[in-house]
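Some structures to go through are shown next.
In what comes next, subunit A is part of two complexes: it sits with subunit B in the first one and with subunit C in the second one.
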Partner chain A sequence: MKLRDYIARRLLLLIPTIIGVTLVTFLLTNLMPGNPVRLLLGERAASPETIAALEAQYGLDRPLYIRYFVYLRNLFMGDLGMAIHTPFPVSTEIMARLPATIELGVTALVLATIVGIAVGIISAVRSNRLSDHVSRVFALTGVSMPVFWLGLMLLLLFYYRLGWLPGMGRLSVSIGLEHITGLHTIDAILTGNLTAFVDAVKHLILPAFCLSWLEMAMIMRITRSSMLEVIRQDYIRTARSKGLRERVVIYRHALRNAMIPTITIVGLSVGALLGGAVLTETVFAWPGIGSFMVESISFKDIPVVLGITVVLAFANIFSNLIVDILYGVLDPRVRYG
Partner chain B sequence: MFEEMRKEPFFKEMRYSMHLLGQSYLSIAGLAIILLFVFMAVFTSFIAPYEPNVIDLANTLQPPSLEHLMGTDEYGRDVFSRVIYGTRYAFLEGLLAVSISLTVGTTLGLLSGYRGGMTDEVTMRLMDILLAFPYLVLAICIVSALMKPEGGFFLDPLMSGILAISIVSIPSYARLVRGTVLSVKETEFVEAARANGASSLRIAFVHILPNSLAPIIVEATMSLGTVVISAAGLSFIGLGAQPPTPEWGALIASGRFLLPTYWWCATFPGIMILLFVMGFNLFGDGLRDILDPRLRR
Partner chain C sequence: MDLLEVKDLKTYFYTYEGTVKALEGVSFSVGNRKTMGLVGETGCGKSVTALSITRLIPDPPGKIIAGSVLFKKKDLLKVSDEEIRAIRGKDISMIFQEPKSALNPVYTIGDQIAENVLLHDEDLKNLSKKEKKREAWAKSIEALRVVGIAEPERIARSYPHELSGGMCQRSMIALAMVCNPSLLIADEPTTALDVTIQAQILELMKDLIKKFDSSVLLITHNLGVVAETCDDVAVMYAGKIIEKGNVREVFKEPLHPYTKGLMEAIPSVEKRKEALKSIPGSVPNLINPPSGCRFHPRCPYVKEICKEKEPELFDGRVACWLYGGAR
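Let's look at the complex of A and B:
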């Protein structure tokens, strides 16, 4: 199979997944014990006439399958309905907060990938020495620790006790920044605002580190074990016996094959990262869609919760697609599966 | 007769496994941690010096001391006792969620792998859909759909959380079991059973399932920890166990606003989660090395 056909096949496979995902969120809104109109009204009391009028207004008197198609159409036009606890459409609320989540998530993912792979390699090459043991303990605590508790402990130490880093939000109140992309670090660079850049990076350090620890641990573990496996293979022995330098053997010959399982894990961990972002944002009062989701839960604002769920599911599907394609590029055997 | 039994391959295998387990210090450490938590969950009322929910307004927010090993919270409740009682909730969440997702996932995987065709196609697409959602996000979504608009939950909130986590954990079992079934299905002993006239059900459960047990056991052990972290995450944002339940996630949630001065309220429950999950991770890792013959060196 050519790479082009492989990508086309992957894209086609997305269709049933997207239909399924939207069907799940649709059914959760419409079939749950709480009738959607009651949901909209919240705690307000209403006469039967008002309820009937609202049902007609939102098209709830039509059959379920028609409502699903309407929901799907609206979804692809970017219409996720109205939020309950704010006066704006759900999509407006999400778009306003999305850059914050992207900035945090991408930073954490990049941090986890770079550090995870680097430490994984060092750990494998120096297996069973002190540096290996230290990194394995680090990885083990990473996968055993609840991310929200880690966040609180980081706040306690670096913000409350030592005062080295800011603990809440994305930018100090005193600092003004022009809004271009919504990513504060990028905006600061674009406007040449050094003070704002430093401040934004300082705000980013704790939450990004907190969010990345789990992924870092997973990437480290898999890189270490696949590297150890590759190093034992015959072609590595051949490379060494040819008299190649150890650096060349490790980075040119071993690393490329060891990377294949690592890339799978990076892709799979995006889902965990997105879920972790909800908790991390809550702990650090990071104004992204994750903390907004939690805020909406406390207001029982189900349209917002489901809207954010759809957005996060799409982000997850999209990142898995990228990994699948990368996988096909790196390892041609995959394309024939 | 006992001597005869000792020569059986199964017992030889068991003895060898035990021997391997004894060689791995980390899995022994994991097992020790697990047993310690089991002990705490069973003998809770003997270990905990105070009742977990007794309010003592004369002794609020006391720092850790000999009298209150982990201090007291804003109602004067003993944090140590609450944390010990939390062990029971951790096992409840872990065992219940793992057994639900394991039962459903294994059945689906068996059916899917053994029947093949449409059954397989439909089941696996369903699993793909569940996997398309970020794990915790789908769980949050399910629990919040179980909330009543006028406040409260349709189901006990702790149970809603466990149910949600069980649902989102199903695909990993289904996929795992399906994979092993596919590899075992074509072997000669299955063919022999079929030639002997065994029913499909019997072949699936008696001949195929035992051969997929090892990876299932490893997965279940590892996920017992993960499930407890997720359940704690749900209670942290108010979707699982509710205060004053001494569940670890809920304890951290209420201790959160007492930071930085009264740090002990949020710190100790988190350490318990860390140890609990670490125990299952270490033991699961060791189990995998033992049960997977390819890894034996």
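Let's look at the complex of A and C:
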């Protein structure tokens, strides 16, 4: 099969995946106990008529499957409904916060991938030496530590005790920044605002590190073990017997084969990073969709929770799509699948 | 002087269980345009010998601790890393047992052969990058044609998993021969293949050796293959060479009890009513090899001296107390 056909097939497979994801999230939120209308009305003893009127307003009186189709139709028109605990549409609320999450998530992903793969390779090539032991301890610490606790400790040390880095938010209040993409670092570069850039980066360091440590550790461990596995293969011996430099053997012949398990983990990381963002954003008061999700859950704001879940699910679907395509690019054997 | 002279080669592996003395003083030579067979059971050190010659023993755990490997009068164990890399794949190339796993699964056959050309071919030196690539690719296709592949252009663009084992081994041979090496080390090149393919591959190797005036070190456990292709033979047992000589001599009159045992273990059509013969016992553990002659625990002619003192290679032919020293 050609690479093009392989990619086309992966794209077609998106359709059932998207239906599945929306169906599951829709059903899950509807199965949550508690009546959102009651919550909306608060402690007041509302008359059944008021409740019925509100239910009709939000379409909650219609049968479940009709609500699903309505939801699906609206979803594809970019309409995620009105939020309950704020006066704005869900999509507006999400779009306002998404750039913050993307900025944090992408930074953490890039950090985790680059550091994870690099350290993994070094660790494998110099296995059982000092650098390997150090990086393995670092990785073990990363996978063992709960994200929220790590976040608190980082804040305690670098913000509270040492005062080296800011503790919350994305930008100091005193700094003004033109809003273009919503990604503060990019906006600062686009407008040539150096002070804002430095400030945005400073704000990013702690949450990005906190968010990426776990993934960094996983990527590192997988890269190390698959690299060790690949280095023992016959074709590596063949490559050496050709007279290639060790560096070429590692980077050209071993790495590409070893990357196949690693990109699986990188792909899964996208999901994990977004999930982890819920905790990290809360700890660092990062105004992204993660902390908004936590807020909405406490308000039982089903439309918002549902909307964010769908956005996260789509992010996952597309990262998996990219991983699938990368498999095909890296490994010709996969294209047959 | 011979093309390759291996003298007193010792390679040890340092493992948790102890030091594995995989090679304990191996000496042999391969003459110009000669084919030398290295025979022995699995685990006797044949492959370690092959890898030690070009210093491809994985370190750790392995280490070449003594000896010399003279190739064109240069001691390969003493030259710099750079020099040995220049020799690998150009002057000495290797083919291995499992052709499918010996080729990198993520690159095409053509790319893998062209890589060797780009690395070593002097003719390409003054060309531009683009021309180099084109020329290397053309040479790869030519190499595939030489090893008898019918549609070399198509095969060059294929990945190893799209080809049969025989095709992969032909491609490996093309890869090995593309830079006209003076020595080809073939480590069990036919073991993983079907019998019919085995014969074709051996035939092909014989042709190419003649064509390119190469010498060959053929490693195998198959005495039939040795009889068919080699000029000289060395028999290895537990990290030592215990008998060597001209193929005719050794096959006509094997001297060492182990060689005799190997010959008798070949099934034959005439003797098919008899039970298959085997050598009792198994290859010794090389962490604590037996004292004296390493074969003595399995030898039917064992004497007192065999348990105490190691025999040398008497007359350069056989290492056994039956034939030399204190009879």
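Definition applied: the second predicted complex is superposed on the first by the 315 of 337 C-alpha atoms of A that agree within 3 Å, B and C clash if a C-alpha of one lies under 4 Å from a C-alpha of the other, contacts with A are read in each partner's own complex, and residues count from 1 in each chain.
Keep this in mind: a residue touches a chain if its C-beta (ideal position, glycine included) is under 8 Å from a C-beta of that chain, and two chains touch if they have at least 3 such contacts.
The structure presented is a predicted model; accordingly, all values stated were derived computationally and were not measured.
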Which partner chains sit in contact with A:Pro332 here, subunit B, subunit C, both or neither? Use first/second/both/neither. second
Contact-wise, after the overlay, does A:Leu140 reach subunit B, subunit C, both or neither (first, second, both, neither)? first
Regarding the shared-chain residue A:Pro16, is it in contact with subunit B (first), subunit C (second), both, or neither? first
Return first, second, both or neither, reflecting whether A:Thr238 touches subunit B, subunit C, both chains, or no partner chain. second
After superposition on the shared chain, which partner residues are touched by A:Val305: those of subunit B (first), subunit C (second), both, or neither? first
One more residue to check, A:Arg247. First (subunit B), second (subunit C), both or neither? neither
Between subunit B and subunit C, point out the one touching more subunit A residues. B
Using the superposition on chain A described above, determine whether A:Gly271 touches subunit B (first), subunit C (second), both, or neither. first
Which of subunit B and subunit C A:Val294 touches, first, second, both or neither: first
Footprint of subunit A on subunit B - complex, ascending: 125-126, 128-129, 131-138, 140-142, 144-151, 154, 225, 229, 232-233, 236-239, 249, 252, 256, 259-260, 263, 266-267, 269-270, 273-274, 277-278, 281-282
Which bits of subunit C are touching subunit A when the two form their complex? 51, 54, 56, 84-90, 93-94, 96, 98, 101-106, 115-116, 119-120, 159, 161, 172, 175
So in the complex, which bits of subunit A are touching subunit C? 233-235, 237-245, 253, 256-257, 330-333
Quick one: which bits of subunit A touch subunit B in the complex? Just the residue numbers, please. 16-17, 20-21, 23-25, 28-29, 32-34, 38-39, 41-43, 140-141, 143-149, 152-153, 155-156, 160-161, 270-276, 278-279, 282-283, 293-294, 297-298, 300, 302, 305-306, 308-309, 312-313, 316-317, 320
